[in-house]
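Working notes for the structure below.
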Amino acid sequence: MASVAMTLDANCIKRDFPALERIVNGHLITYLDSAASSQKPWAVLRAMDNYYETTHANVHRGVYTTAVEATERYEGARVIFARFVNANSKREVIFTKNVTESLNLVAQSWGNANVGPGDAILYTEMEHHANLVPWQMLAARTGAVLRYVPVTDDGHLDLSNLDTLLDGAKVFTFTAASNVLGTINPVRQLADAAHRAGAIAVCDAAQLAPHMTMDLQAMGVDFAGITGHKMCGPTGVGVLWGRESLLDAIPPFLGGGDMITDVHIDGFTPNELPWKFEAGTPPIAEVIGLGAACDYLSGLVLDDVRAHEIDLTGYAMDVLEARFGDRLKIHGPRDPNARMGVLSLALEGVHPHDISQVLDQQGVCVRAGHHCAKPLMRRLGVGATARASFYVYNERHDVDTLAEALSSASDFFK
Amino acid sequence: MPGLEDLYREIILDHYKNPRNRGTLEVPPAHRSDGVNPLCGDEIAVYVQVEGDTVTDVKIGGQGCSISQSSASMMSAAVKGKSIKDARLVIKAFKAMMSIHEPGHDPDAPPPDIKLGDLEALKGVVKFPVRIKCATLAWNTFAQGLDQFVK
Amino acid sequence: MASVAMTLDANCIKRDFPALERIVNGHLITYLDSAASSQKPWAVLRAMDNYYETTHANVHRGVYTTAVEATERYEGARVIFARFVNANSKREVIFTKNVTESLNLVAQSWGNANVGPGDAILYTEMEHHANLVPWQMLAARTGAVLRYVPVTDDGHLDLSNLDTLLDGAKVFTFTAASNVLGTINPVRQLADAAHRAGAIAVCDAAQLAPHMTMDLQAMGVDFAGITGHKMCGPTGVGVLWGRESLLDAIPPFLGGGDMITDVHIDGFTPNELPWKFEAGTPPIAEVIGLGAACDYLSGLVLDDVRAHEIDLTGYAMDVLEARFGDRLKIHGPRDPNARMGVLSLALEGVHPHDISQVLDQQGVCVRAGHHCAKPLMRRLGVGATARASFYVYNERHDVDTLAEALSSASDFFK
Amino acid sequence: MPGLEDLYREIILDHYKNPRNRGTLEVPPAHRSDGVNPLCGDEIAVYVQVEGDTVTDVKIGGQGCSISQSSASMMSAAVKGKSIKDARLVIKAFKAMMSIHEPGHDPDAPPPDIKLGDLEALKGVVKFPVRIKCATLAWNTFAQGLDQFVK
């Protein structure tokens, strides 16, 4: 894949993103925190503004022109998204506020109906808190037991005992890619193993969807969640995708307007999919913005996005290794083809917080902390890492700036 | 945006590289309290020994950034040997320097008349609001420990 | 109150709202559907754009400049909102995606912990589905019984049996104002009655906050919810306000990042307020937009907003009565001081759907349907109403346009 | 945006003001099915009587807008006296006119060779997508009723 002709011109793409023109502490910003949240292209901001400036009205219930237009834009974004991830039908696409809500929805609506005392819930040691806490809450409610797939020293899932771990499990939930290690997990293989054991497979695709083609048919999972703000979309919107048969079978999540067919003073009848799971006025402008983000990414071609990131990741690893040698540890797999453009760094003698602070003086944005993956941090034996992550608008020059800034941090604390 | 030198004074880096009072104490008679900074994951253990009315020993364990480690180190030096009452005044004065005030605080009241000495070096942290949690982690953890002795 | 000097110049205010320049079917739009969702002023759109264009980063975890700025803007909006509703502390202000989520949060986190078999849940016959369905779900989960305060023929709550209805109730939840009848409920009186009976008081303030000063200290309730998109704010954001002691006592709602202090592989410790109830990346830009909306409304002065709406409502009732006499019924209280600027209309011989359709030809936007209050529609004995609702940007001229358009609908179907 | 005359044809208003086959039938032998439009709250009751293979009677109750009421009225006139099979063809043809196709529908297939007569007047509804649910409410409810007789 790294040999694919590089058709992305990151320097040109940069101009699509207004926030990348920001001057920070006298330097043009070098934004290396897209794994936390990506910047937004003009196309997305304009789509939302245009909606608000011309056609805003509440959706689904209005007869008048702008209400119809608002509904069409909102439901149109659902069709765009369904195509973007190769879903079978737009009935399977449920809009939420973020992937955290998507995963809570599964843990509650599916979980309460399907998990009982003694059943096992399997997740992994590299999950984000968003894919741990909802299941811990489910286990506490139901008396289910929690199990996890451990992480190996080189940052992969240790699948040697997978079948044993899956024995008695009702659900296996895993991230498609680690937001700390960059590791890409073998989603299809994990889903197949879950199914062989009679469990459903849930995928946290928050770090996948922004960076490579997401093909739900190929992934073979039963539920998958994404979050808009990491994939050029606005804050305030996420998606839960689920198999129609499963979504049909489980009870609603939140109750309120739009998720009902009828309400009496003492009870209600739920609506059909997908609205059954969309209670209240949805994030209309945000969904429209997410649709525009999918169009923007499709325009760049996801395979090229991926090729660009592999190139950049490989370059970064080479440059940093050459410059810092043993003084710098990069967590996770060494092969750029086996990982995302997420580099969790440990620099000798300098705490991640201090790295981030010193880098900020040079306009370089990297995240320092536990990245909402505390169990994984314990596994790595660190309290925090400094994480640099790349996206479509980053170029080799940004890597060079990072390396320079890391040098000065290292010098400062020598 | 203030510069790095406002934050990382010489003396802070010195305490970071040569932390005072690192280690553990036997529990009991000492008390151990643990603190965590939920934002970054830094963890600290503060051991406090009190005899009669006096903080006779303090030791620090755990890991953290230069600000949290140096603040812990300076704190240990500042409160060791003080009476519980005086130690509390130091905590209060330090937190006031960090712009953290107890509920009911009168903004016009003069700051407690306490010499913070080396700790003054941490004054620059106020200009970096996210780092205030780093600077105060050890202090909050120490205060919890003290509470154990006056229950 | 209606005698207060009218300081609002709606014609001037209109220019703050780009969507009101829209031409629909050859006519300048007459937007009379603000009870469903209000339009947004430039100030709100610009606040969100400015955020995305200059400082977007994920909040709460970053050390670098723009992450700090993003956090300050986000938490700054919390302070603005706390002042806007006269909350005791910003710890009591929890950002959600809409008021529907706010009410579900209470019904789940407070409800699961406090409601058991045989306990009564009291709501009213004029509630929006958002304040019915979550409680129906709670009753189904816990075996609690549902009761309701009936609505009188003139559109008020029938409080004659309130104490009996409250006997054995754990919670009394009610809307501050009806989105169908316009009726303003005596919030303080209802809250006090609830407390005397040992129940907590929950208030759906979705229709209150946009239109008059919301003073939580005066209201005396224990929880209150609002939704951003009805008060000049963006879609995708709502608020739950709750008493600190209650919020502290109840378990978290959704699980994930930010709502934790610590996570181990088999369990978690919740965060402090307000973050304990904010799981995952929040609607950052939307919260900032809501803050700008509060500032915008405060700038207009809420007492003047209310005076303007009373004036407009009175004018509308006079004009419509004079023109249509018995052929037009306006549901709800006759006194403009006792109601909001929400007119649910029944026009002889013309179904609400057809009214809305014909009005749309003249650029007039009114909502037709059950307005997510089916139990109330049954009480009124209608399937649907046509609802015209006013806001700061509406003026007497809009009422005249409405009356004209209703005449033509009446003629068309004669 | 198409004009009102596209939607509200003369004949539609006629059926709205003078609905055919309003009323009820005795259940059993007739079957009653109920439909609701969740968007607006309109409710309809369709009574169907089948003898042998023939829809011998249809009556309509409930309330709704001009589109849903006239569609129900025209439908009742169109299917009364038809065989179940032919009634189903009418449903299919009407829905096709409303751009609603069964799963597996071939978009290039010719429309069913059914004369819709008066019902053609409802063609304009397609241009007002929200009103399609109004126009099809009676039809879906009637189809449910028919299903009861062939179980």
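Each chain carries a letter (A, B, C and D) given by its place in the written order, and its residues are counted from 1.
Definition applied: contacts are C-beta pairs under 8 Å (C-beta built on N, C-alpha and C of every residue); 3 or more make two chains touch, one makes a residue touch a chain.
Since the model is a prediction, treat every value here as computed from it, not as a measurement.
S.K.: For the chain pairs B-C and A-B, which is connected through the larger number of C-beta pairs in contact?
M.R.: Answer to which pair has more contacts is A-B.
S.K.: Can you check how far apart chain A and chain B are, centre to centre, with Cα atoms defining each centre and the answer in Å?
M.R.: That pair's centroid distance is 38 Å.
S.K.: Measure off the straight-line distance from the CA centroid of chain B to the CA centroid of chain D, and report it in whole Å.
M.R.: The answer is 77 Å.
S.K.: Taking each chain's centre as the mean of its CA atoms, how far is chain B from chain C in angstrom?
M.R.: Averaging C-alpha atoms per chain gives centres 46 Å apart.
S.K.: Roughly how many whole angstrom separate the Cα centroids of chain A and chain D?
M.R.: The mean C-alpha positions of chain A and chain D differ by 46 Å.
S.K.: Give me the residues of chain D that touch two or more other chains.
M.R.: 1, 39-40, 128, 131 - these are the residues of chain D that touch more than one other chain.
S.K.: Please list all residues of chain A that touch 2 or more other chains.
M.R.: 24-25, 61-63, 65, 67, 260, 262, 353, 357, 368-369, 374
S.K.: For this structure, give each pair of chains that are touching.
M.R.: A-B, A-C, A-D, B-C, C-D
S.K.: Which residues of chain C touch chain A once you look at their complex with the stated criterion?
M.R.: Against chain A, the touching part of chain C is residues 18-19, 22, 24-25, 29, 33, 36-37, 39-40, 45, 48-49, 52-58, 61-67, 97-101, 103-104, 107, 125, 128-130, 132-134, 136-137, 146, 148, 227, 229, 234-238, 252, 254-260, 262-268, 279-286, 353, 356-357, 359-360, 364-369, 371-372, 374-375, 378.
S.K.: Give the list of chain C residues in touch with chain D in this complex.
M.R.: Contact set of chain C toward chain D: 24-25, 351-354, 357-358, 361, 368-370, 374, 377, 383-384, 412-413.
S.K.: Can you tell me which positions in chain D touch chain A when the two form their complex?
M.R.: Where chain D meets chain A, its residues are 1, 36, 38-40, 128-131.
S.K.: Please output the residues of chain C touching chain B within their complex, sorted ascending.
M.R.: Against chain B, chain C makes touches at 60-63, 65, 67-68, 71-72, 260-262, 271.
S.K.: Tell me, which parts of chain D touch chain C in their complex?
M.R.: Interface residues on chain D, with respect to chain C: 1, 3-4, 7-8, 13, 16, 39-43, 63-69, 128, 131, 134.
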